[in-house]
Amino acid sequence: MDFLTIIQILDSTVRLATPLLLACLAGLYSERAGVFDIGLEGKMLAAAFMSAAVAYVSGSVWLGLLAGVGASLALSVIHGLASITFRGNQLISAVAINFLAAGLTVLIAQSWFQQGGRTPSLIGGARFEPITLPFADSLAGVPFIGPIYSDLISGHSALVYIALAMVPLTWWILYRTRFGLRLRAVGENPAAVDTAGVSVTGLRYAAVAICGVLCGLAGAYLATGLQAGFVKDMTAGRGYIALAALIFAKWRPWYALGATLLFGLLQAVALRYQNIDLGGVVIPVQFMDALPYILTVIILAGFVGKAIPPRAGGEPYVKER
Amino acid sequence: AEPALIFDLGGKFDKSFNEAAFAGAQKWAEETGESFREIELQSEAQREQALRRFAESGANPVVMAGFAFGSALEEVAADYPDTKFVIIDMVTPGDNVRSVVFNEHEGSYLVGMMAAQKSASGVVGFVGGMDIPLIRKFACGYVQGVKAVNPDATVIQNMTGTTPAAWGDPVKGGELTKAQIAQGADVVYHAAGGTGVGVLQAAADAGIYGIGVDSNQNYMFPGHVLTSMLKRVDNAVYEAFKDGPELATGFQVMGIANGGIGYAMDEFNADLVTDEMKASVDEAAAKIASGELLVHDYMADSACPVE
Amino acid sequence: MVDNQQTGRPEMVAPDASRAPAIELRGISKAFGPVQANKDISIRVMPGTIHGIIGENGAGKSTLMSILYGFYKADKGEIFVNGDKKNITDSQTAIAAGIGMVFQHFKLVQNFTVLENVILGAEDGALLRPSLAKARKELTALAKEYELNVNPDAVVEDLSVGHQQRVEILKALYRQAEILILDEPTGVLTPAEADHLFRILENLRREGKTIILITHKLREIMEITDTVSVMRRGQMTATVKTSETSPEQLAELMVGRKVLLRVDKTAANPGDTVLEVRGLRVRDEAGVERLKGIDLDIRAGEVLGIAGVAGNGQSELLQVLGGMRSGKGSIRVNGQELDLTGLKSDARSRRKRGIAHVPEDRQREGLIMDFHAWENVAFGYHDDPKYQRGLFMDNDALRQDTQAKMAKFDVRPPDCWLSAKSFSGGNQQKIVVAREIERNPDLLLIGQPTRGVDIGAIEFIHEQIIALRDQGKAILLVSVELDEIFALSDRIAVMFDGQIMGVRDPAQTNEKELGLMMAGITDTGPQGQEASRNG
Amino acid sequence: MDKMPRWADVFLIPLISLLLAAGLSALVILAIGENPWAALKMMVSGALGSTYGWGYTLYYTTNFIFTGLAVSVAYHARMFNIGGEGQAMLGGLGVALACLYLPLPHWLIALPVAAAAAAIFGAAWALIPGYLQAKRGSHIVITTIMFNFIAAALLNYILVNLLRPQGSMDPATAKFPEATHLPTLHDLLAPLGIAFSKAAPANVTFLVGLLACFVVWLLLWRTKLGYEIRAFGHSEPAAVYAGINPVRITVIAMLISGGLAGLMAINNVMGEAERLVMNAVEGAGFIGIAVALMGRNHPAGVLIAALLFGFLYQGGAELALWTSIPRELIVVIQALVILFTGALDDMVRMPVERLFTRRKGEA
């Protein structure tokens, strides 16, 4: 494998890891606040559709982005209502949301565009264009550094850079701000937050809303950045891989970056090679596809470092029976 | 009886294979003013139900686009001896079945020639959908065409996957194309159904040329689709509909000779294809039609003489 | 560690009748579904005093205070703080009104540091750094002022219960609470820690703060409060000056009739040794050693009572004997060794060896609350051939059996189709006791047999235990109620910190001696007659 | 003291939830410019108006009975098994291997053998998540999700590389031998003089499904094991007190659950397709969740809910066939049913409860 190929694979890794990273951070906010969310997939899907649909109609990718975030937020509100206000089962609520998104996107797409549940292809301003960073072109010729800078680091769409910036930002919010302190506390012991005079409901809704926004970005990136338009089920399990990455990352922002890059790399390799020949042993592509899930199960089983979820996670906060 | 058309999983608007089938049906409907029934499959298991449902309700003939219907049709055909079935891309036994197959290798040869002439780098790409003999047949014809023009040219080949999901994965199509471009490809031909949208998109984004397949895809990225290999599925469907319930069953081959295969020229690629290129390709087409030039068919012996 | 020197009672700040009460509640009512936890409660707490609230389990004490702190919302009623009517909708408004509360179950974030717990909800700005710095300074000052030493950087889950409680108090003080509510603060403390706590409370009172102290330990009430209110069954039955009342009167107010907790029983007639425990050690899930080498013997026809402050290993002892935990060491029943680990160490195997077990927590362990009464009567014995018919369970036989037991133990209502949760606490306990005693076990393990049970039922259950003893069975009784231990036991063992501090004859010891042993002090001379605390 | 009569809990609340879901779905249909009433009529006539319709409805029902029971059994042990999809996939593999490689002379022999293979493969696929949950506390929901994906990849590999017949383009096994083909309802009812559509795939597995409902009921409410599963599900500390081994019960409950999900394969793989194709399960594993929630985890409820979803599925397929309403409409209805009966249960329940307590207060 030559240097250029590696750069290409890494480049592809960054692109493929971006939606995973955004969704993973989305899940991080929600789960750190004690609201488990296996509905990342559905929210991404809804956002992917809405962003593509509105971007197509308006011709503006930014309007599309806004609409995508809106759609994702709407599903977040449902999840919030079910799991915070009505103290329902968070897992069941999220399962429902995933199905709702899978069904509604196709239904609406079919009704609006009559193209069998997809949106028309996006062109021009309806898509996120790659951003060329300063000096990328002039540096391209420099050996080693040149390709790394101009091919790998430069030339991604705005959302990629936003996603990467979200990592330190999330770390800072979580560990350096009042909001972060309260957010972490409400996922560990909501009663402590409540008796300290802070609204558990408010915090959890805020977390779920942030989760919605980030899932919205992830979905919009899929439909208007990575691809040019929405197709049925286009998230293709990315929400679940993001969830797996979140567990892999033990609910921490920097680890989340690492986990999603790893899973992105796995996808990039699986995309490019049908079968990988490692000196006689052929690794089938299906194994590469399944690897993120297998790794997550291994982590979950506690064989490699135990992943301890936020202690109050998954349980509605009930004061009075 | 109303004729019926069943689309495969890629969906009616895949801008490719299924869409071509739809166009044929549409043309028939417009010409005759009559209506037809259609359904887009959502899952493997629905194949048989769709066939039966149409046969049951008296639709005739029932046309299905895609080799994957083979085993379902085998099952169903005998149960409805009065209904005529037409299957495209697959040979299926049965007294009431017409099997339509195309000489895709011939068309692929033509666009391969064009790719080799257009390529500045001497490297061209091919992105297939599901890795099955049918798609290798495309690839093999393409390589033969490329090598006929430039024996030193490199052809990078990738298949998207091994399951029907490979027909509808534009992201993967795009990534594969980007990888090929990184390796120097400046013309990429796809035979990947819905996945191909991603291929053409990536080619257009990178400022190189894509080649469409099945339908005329030149319009999708004007100036960036060199041409399209036309597989006249539309004609096959149109004819089946026109023949109606009395259609002749059996084996039908569509190739360059009978207008079933070709390549697309229109206002979108007029500026891309020089007269010279066109002339050489047309010449080859004539030779193939006359039998003077024989393009090797991968499916004949599951092998390709060139790589 | 304990200086045995009671802090002399400071000159009392005379409650100034002209000042408005620090807290006044009027007509507070609160229902949880069908349970009326508080009924039309009114109470006044004067500033600068320590005001005690006592009452049996479930009387509604915690509920009332949680309402004052804004944790629950009252259905009816008004709250006045320093004479002003306050609409306390949540803890935020309560804190703003100068109220702080230390809950019965601490409300701390286990994996946060002390500092983070203290500033949570009381941060100064959007960024943490300045808040943390300020809190660190403040904490040092508070620690000095009130003897409240804790390492501000320690992670809470690493702290002892006593220290966690200090963090809770610091939290309240950091929020400038003038009125401090403590809900059963000593339940989990050793006597030494409790003494320390009371010194802190004295200090606070001297500073002019008002303290509401919930407890059901009469000794504590008499020792430290100025005024005491008594609650029973959701109602406030009386408020009296501590100096003008006596423990006997308070007890009577608490349960609603004269209490004389003596069970009629004849002297024990012990036979062969049934249970023999040697060097028993148990670690909990966190790896902490909870039993540190226990030796015990119980003979047929005797009740061995285990006294001790909750959390000193009594629960683990019951659980390991009952097969709910594994351990190390040796346990013999009727001379036969029991497995302490592995498949045969489970509760099922224990039952086969003639051990019955009334668990400490009937709702969590002893019963399946959603099962019918008849299903619960088979619980733990569901593989008894008596309840089987071929491949299936013989539910008819089970229901007949249940009706018989319900009649014998006077379970009300005697309907075997009701689910366990529809019975009152006392009747639930009767079902469990009936199930276990009617198995006619060689050894009965019984934990907190009358917790939250009314007087009538207490007497009944006590009679059943003694009757079983008189049939020549061995009984191990664990209870935090010393009265109960005295009433039932033929011998009393005291547990402290996972060890048996000693075994005493109830006729030859007294509460004071046991109290010291419960604090881990044993060097009190033979039979500990002269052991006492000055005061 | 219960706040509400039992019938309200068992029938009224699911009914209200269903009506809410139906109402919202009608709005969705309206919104996409179709007539909900006409759609309903078409669904009813398509699914129940002919023996052909019934044949498909019962075929889907059979799938959902198995996956619904699977979710229910796990639920009684307080586990949320959303791995029915993967377990059913593996069950399909079991059926395929049995039918292709074992000498099975007659369907009467093939059925029990294939059923056993299906159950064993499904159970095996549930074993690891169950074991990890019991022994290492790995959250069963996450592990079963992961195992769904792993199952898909595994089956993909096996079908593409191992079981696909030479020269075939489909990633699918060869057709099963004639002798293993199961009789359809048409075949079964013909001797009784009842004419049933020959085309519909409903087959003898439907009867197996009914039997499974009864057996699961017996198991849960009439056997020691069922008693232990339910007791464990209500309270783990209590189970330990009673000598019920949590690891054993967790694993057994998951094995039964996975086995039931796997059993579905005799319907779709052996009874219908007569070969194993990719994605043969078609989401039935997930519909099991909705079925179990609606059926209140009781086999009788599961049967009724499975019928309802069978109707929705066949009706939805008809809609997709004859109108421009995509089949995803059913997915939306399914989502709403899960949402209302599962997650928003309190929203439906609280007003109903209030109604009953008020009425009782007045009486």
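Quick notes on this one:
By letter and in written order, the chains are A, B, C and D; residue numbering begins at 1 in each of them.
We adopt the following convention: a residue touches a chain if its C-beta (ideal position, glycine included) is under 8 Å from a C-beta of that chain, and two chains touch if they have at least 3 such contacts.
Composition by chain, UniProt nomenclature: A, D = Simple sugar transport system permease protein; C = Simple sugar transport system ATP-binding protein.
These numbers come from a predicted model, not from an experiment.
Distance between Cα centroids is largest for the pairing of chain C with B. Two chain pairs, A-D and B-D, are weighed by contacting C-beta pairs, with A-D ahead.
We define each chain's centre as the mean of its Cα atoms; on that basis chain A and chain D are separated by 30 Å. Chain B and chain C have Cα centroids lying 78 Å from one another. Rounded to whole angstrom, the centroid-to-centroid distance between chain B and chain D, based on C-alpha atoms, equals 38 Å. Rounded to whole angstrom units, the spacing between the C-alpha centres of chain A and chain B is 35. Among the residues of chain B, those in touch with two or more other chains are 40, 162.
Counting partner chains per residue, chain A has residues 117 touching two or more of them. In chain D, the residues that touch at least two other chains are 156, 160, 326. A list of each chain pair in contact follows: A-B, A-C, A-D, B-D, C-D.
Listing the residues of chain C that touch chain A in their complex gives 32-33, 69-72, 90-96, 101, 103, 107-112, 116-117, 119-123, 125-129, 131, 171.
Against chain B, the residues of chain A that register as touching in their complex are 4-5, 8, 11-12, 15-16, 115-118, 121, 222, 226-229, 231-232, 234, 236, 268, 271-272, 274, 285.
Against chain D, the residues of chain B that register as touching in their complex are 37, 39-40, 42-46, 48-50, 52-53, 56, 67-68, 70-71, 75, 79, 130, 132-134, 162-164. Of all residues in chain A, those touching chain D in their complex are 38, 78, 81-83, 86-93, 95-100, 102-104, 106-108, 110-111, 114, 117, 237, 240, 243-244, 247, 284, 286-287, 289-290, 293-294, 296-297, 300-302, 309.
The touching residues of chain B, counted against chain A in their complex, run 11-13, 40, 131, 158-159, 161-162, 168-172, 174-176, 178-179, 182-183, 194, 197-198, 201, 220.
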